[in-house]
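In the two complexes that follow, chain A is the common piece, with chain B as its partner first and chain C second.
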Partner chain A sequence: MMKLKGSTLPQSSLHSNYFIVWSEVVKNLKFLLAYPVVFIFWAVFPVFWFIPFILQGEAFVGGLQSQSFADIAGTPEFIPFVVLGAILNSFVLTSLYGMGESIRREAYRGTLDYILSSPCNKAFILIGKALSESISSTIFAFTQLAICILFFGIELTLGIIIPVIFIVILLILGLYGMALILAALSLRYKQAHDMAHTMEYVFSVFSPVRYPLASLPLWGQILGKLLPLTYALIAVRSIMLLKQNLAMLYLEVLMLLIIDAVAIFLGFYLFNWMEERTKKSGTISHF
Partner chain B sequence: MVYSEESDVYSIQTIDLSKRFTKKKHRGIFGFLRKDRKKEKPKSKNSDIVVALDHVNVKVRPGELFGLLGPNGAGKTTLVKCLSTILIPDKGTAVVNGFDIRKQTSMVRASLGMVVGGERTLYWKLTARDNLMYFASLYKMPRKQAKRRVEELLEVMQLSDRGDERLEDYSTGMRQKIAIIRALLHDPPILLLDEPTLGLDPTFSRQIRNQIRELAEKQGKTVLLTTHYMEEADQLCDRIAVINNGKVIAVDTSDNLKALVKETELVEIACYNAPSDIRAHIKIHCPDIEMVKLIHGDEAKGTPSRIKLIGGNAEEHISTVMDMLRQKNVRLCSLNIGVPTLEDVFIKLTGAKLTESGHGG
Partner chain C sequence: MSLEKPSKKRHRLQEVKCPTGFTWRNMKAELRAIWECNIKAWKLDLAYPISFIRQCISPFIFLLPFIIYGLAVIGGRYSENLEKLVGTGDIVTFVFTGYMIMGFIGTAVWAMGFSIRREQWFGTLESLYVTPTSRLSLVLGMALHSTVHQSLGTAIEFAAIYLIFGLALQIQGILPALAIFALMMLALYGFGILVSALSLVLKEGWIVAEGIHSIMMILSPVAYPLIVLPTVAQQASSILPTAPALVGMRAFLIENYTPEVIGNVFLHLLALDVAWILFGVFIFYLTDIYVRKRGSLAKY
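Right, the complex of A and B next:
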């Protein structure tokens, strides 16, 4: 059979792949700016989320420091502990609800068929989605951090920013691997929001967001050690509150790297598998 | 357009393409408690399977404007989705621009531009330019080339001055034009257009049809057009495949298809107040008429209903039928003999009219 226009079919290049990622980022950020209320909500909401825990903790121990808290957390300062937990946890929320639901949102808009029927490698679209979520998450985190520096006495020096950013990048990679798994499941099972909600609670209960890991029963601690947020929280708190350096946190960094690799591999594998399955069942654009 | 019948070069060729869907039964949240649950099981096994495509074999030649005509649920969209690799067929395959849809998906995708699902498939919160630049990136177009192409196509569609407006401020027809521009961005040799004029007003429909005709005639694009509008298929298509219940039942030019219904075989009576049992009465009194169809018009708005008598020298029975209608106080408007439309062809081939056949999907 003769090809009609085979010679003019587009070829992948570094530049064209970069253009796909860039276009995806621009598209998602323009969507974010098209709904300013959502932007404000995500920037401010986590601050309101942790205030009740600070007040509750203060009511229990009769102040903002506790010796028994220091015994298990390594720091007597309750407020910085919870504030850092909330800020890092906001990356979990934006990745699960943003990236995890992004595929379902494309199906709602009716654009998923066009994305999946385009000749480009879908990995670049997913990278673009992850990158735009990372940008928005970081903007939200910095807003929260600014509020915390102003009102809750959190100290931030230039010396600790770089290792903290390094840990946050490792956290984001793992989270997007997990969000990709969620996106893959939403191709088949559609209810991404409910799955994201469930995962959000798994993170907030089994990672040391509001309390140290030692507060959990043994089985809970084991489960918590499978989550990237646990290692990121331990590392960031150690850097910011206990003034440790990255060399002292090699175990947390190693665990984050392992979780990232496994989650990203599983995410892409599952996404391709679910895409194939839904193309067979004819439910790919259902929502 | 003139083609060599011997030519074996096809832009699209489907080979026994088949697709079935299994429909899930929704019993409600307490359905598992129903006593008849077990009894229904073996019965439902067959009834829940919908044959969307049944060994479809079509060949579309380069530069041809090929129509797929059928009612809703006939399998037109399923065929388009299989060709565009969104759906994986159960059996058979298709070759698009020389590439197999099962094995060479990326090359098939790059060869196609499609308009499926119309205006809902764009980002309404983004401007036309933003939408088009985004979709251009998915086709691996370099940024500068994409920009040039977007401007060129916006100009052709006379939307240049509104390119920076969000699509939510566009009319349905304008959004459909953007959907067509999107399909043309990477200058594909083949276009799949699924009901491109659905829901458009007559002015926009005409503009879109002219555009489609130009794409085939001036730019040499191969166009596979699915529609359930007979006039559209009639006006635009070089050849038409009639599809019903997943099967292609005829493929030919519009004129040749119409020739399937002989002049003496077709009588159409336009009238008001036709009783719903008129079909049965005509069938009893004129048993050698093969088919009697009553197509209800919107009589309140002045569109009469139509009674169609097809086959078996229908012309000879006109006086009998007219007497019958007068007795039933039916108000007659007009009588046409022997001017078949594609709908008559469809009725003749399937026994159903275009608006009543099909089973979803």
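Right, the complex of A and C next:
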């Protein structure tokens, strides 16, 4: 019997797993760079989405500071508050619509069956997808931050960059855990877009993106406290606007770590479970 | 065996006479096409009930951050500064009357703009293009569906805001406000026809649509009066139907509201209707000829 060249499956090793992650990152970044207009859009246009809030605040208050806002937010300056909220919220959008729909996109391209039937650990494919999304969303966020430093007076010193990056990494981990859950559900229920939109609504209303959590009713505040973006926003604003150090924010960091661990564990568990179910039901290539 | 000459009569294709030109028969046929496109869009919508429900509640969800943010920055419902600017300080009523219009911008930019593109995704665009129906009927059918769909969302939005916050609207101002709304929609239809033409050429036109939507959101006095915009932006907003329509509708719906712009809103909107519809239809026919000549109709 003729032996097929290269038919021996590579053993699971650190190198082969690293290669899977790397290939996935390269593939997704190639897709991104193939559409430069899309790249520019995500880097610049989210700034346009918070301009109405700045103008609304100015029209209602008649200035750039509000004492009522300071009573609940800790800072009277609502413009930096909204700007920072919008920048961190862009991570939510890219994770939900990027990572959350990544599995669905593979189905559209006709490559999902091949990916799921490949003899590798699917966790590394997902890590590759999450890593490439993190790289692109961080580039977008930094571009928006640069625009905001230039036009909206956001201050950024070297001393606060490292703690902010640390918080952003924790946020990204939690968001990708949630996006994994979404990706898992899209394997079974297909229409990931509606689920991503619904999650976006929850983040948009119940996280302190544009207003402090205290503005919401009690049940809304409780719901908001289950979202990683809430703690990341509180921590980043405390560092950048209230000049607090990371040690003072141990509670927010701890909560982020707990949410990250739960979301990532649940994400991988659910993905493996859904993968098995869809393989058994034969509905992988269904639309 | 003799070979019979096939009879000409038997093999002649049946002639179908399609109404053309500006005739009553043709208009009836086009209206039927618009209606059928609208029904098709509804059938597709209702085939995904969860998606339909989500879309219906989304105007309310998108409005909430504007209201909660407004309440947070002034620490209550009444803004003294807003009252100084436009004569009314009730931020909930002010923002609601502004934001209910924004959904209809989405109608023009997204639903109408992507009506042609959507047919391309479904693989039915070429089949539709060889029918003797006007291409504009496809877009207008989608406009009809989307306007009713958005009205449903706005009704839910109104009910929810009324129940949660309460609204102080002048009942007697509803009819003239609706007249202004109808005039604004005509201009927005012209705008939507233009965007659908762009999507024929640009294919991945969602970026253009999103870009236009974002800019319109800033230039329209949705959550703030027009006065807070820089002078150049105020002048630019006068070419969009949303700015005069919002000012006019608020003047009729909100008590003590002082319009930020002077002039006849009805005449302004009529002029914009004519300009946008003519411009939209002109560009649509130009791009239609262009893509068919280039053979890029079925390209993605």
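To be clear about the criterion, the second predicted complex is superposed on the first by the 278 of 287 C-alpha atoms of A that agree within 3 Å, B and C clash if a C-alpha of one lies under 4 Å from a C-alpha of the other, contacts with A are read in each partner's own complex, and residues count from 1 in each chain.
As a convention for this text, contacts are C-beta pairs under 8 Å (C-beta built on N, C-alpha and C of every residue); 3 or more make two chains touch, one makes a residue touch a chain.
All values derive from a computational prediction rather than experimental measurement.
K.L.:
Taking chain A as the common reference for superposition, should the pair chain B and chain C be classed as clashing or as fitting?
P.N.:
fit
K.L.:
Report for A:L218: first if it touches chain B alone, second if chain C alone, otherwise both or neither.
P.N.:
In the superposition, A:L218 touches no partner, neither chain B nor chain C.
K.L.:
Would you check which partner chain A:A34 touches, where first means chain B only, second means chain C only, and both and neither mean what they say?
P.N.:
Once the two structures are laid over each other on A, A:A34 reaches chain B alone.
K.L.:
At the Cα centre of chain A, what angle separates the centres of chain B and chain C, to the nearest 10 degrees?
P.N.:
For this superposition the angle at chain A equals 80 degrees.
K.L.:
Identify the partner contact of A:R109: answer first if only chain B is touched, second if only chain C is, both if each is, neither if none is.
P.N.:
In the superposed model, A:R109 contacts chain B only, not chain C.
K.L.:
Which of the two partners, first being chain B and second being chain C, lies in contact with A:L158: first, second, both, or neither?
P.N.:
neither
K.L.:
Classify the contacts of A:L150 with the two partner chains as first (chain B alone), second (chain C alone), both, or neither.
P.N.:
neither
K.L.:
Applying the document's definition of touch, where does A:T198 land relative to chain B and chain C: first, second, both, or neither?
P.N.:
Touch status of A:T198: second partner only.
K.L.:
On the A-aligned overlay, A:C120 touches which partner chain: chain B = first, chain C = second, or both, or neither?
P.N.:
first
K.L.:
Just the number, please: smallest Cα separation between chain B and chain C in the overlaid arrangement, in Å.
P.N.:
Shortest inter-chain C-alpha distance (chain B to chain C): 5 Å.
K.L.:
Where on chain A do chain B and chain C both make contact?
P.N.:
In chain A, residues 35 are touched by chain B and also by chain C.
K.L.:
Considering only the defined contacts, which chain A positions touch chain C in the complex?
P.N.:
That would be residues 35, 37-38, 41, 45, 48-49, 51-53, 55-62, 66-69, 71-73, 78, 82, 191, 193-194, 197-198, 201, 204-205, 209-212, 215-216 of chain A.
K.L.:
Under the stated contact criterion, what part of chain C meets chain A in this complex?
P.N.:
Spelled out, the residues of chain C in touch with chain A are 48, 50-51, 54, 58, 61-62, 64-66, 68-76, 79-82, 84-85, 91, 95, 204, 207, 210-211, 214-215, 217-218, 222-225, 227-229.
K.L.:
Would you tell me which residues of chain B are touching chain A in their complex?
P.N.:
Of all residues in chain B, those touching chain A are 8-11, 13, 19, 21-22, 52, 62, 78, 81, 84-88, 95, 97-99, 106-107, 109-112, 114, 116-117, 120-126, 130, 133-135, 137-143, 146, 182, 186-190, 222, 361.
K.L.:
Considering only the defined contacts, which chain A positions touch chain B in the complex?
P.N.:
1-6, 8-13, 15-16, 19-20, 22-24, 26-27, 30-31, 34-35, 109-111, 113-120, 125, 276, 279-282, 284-285
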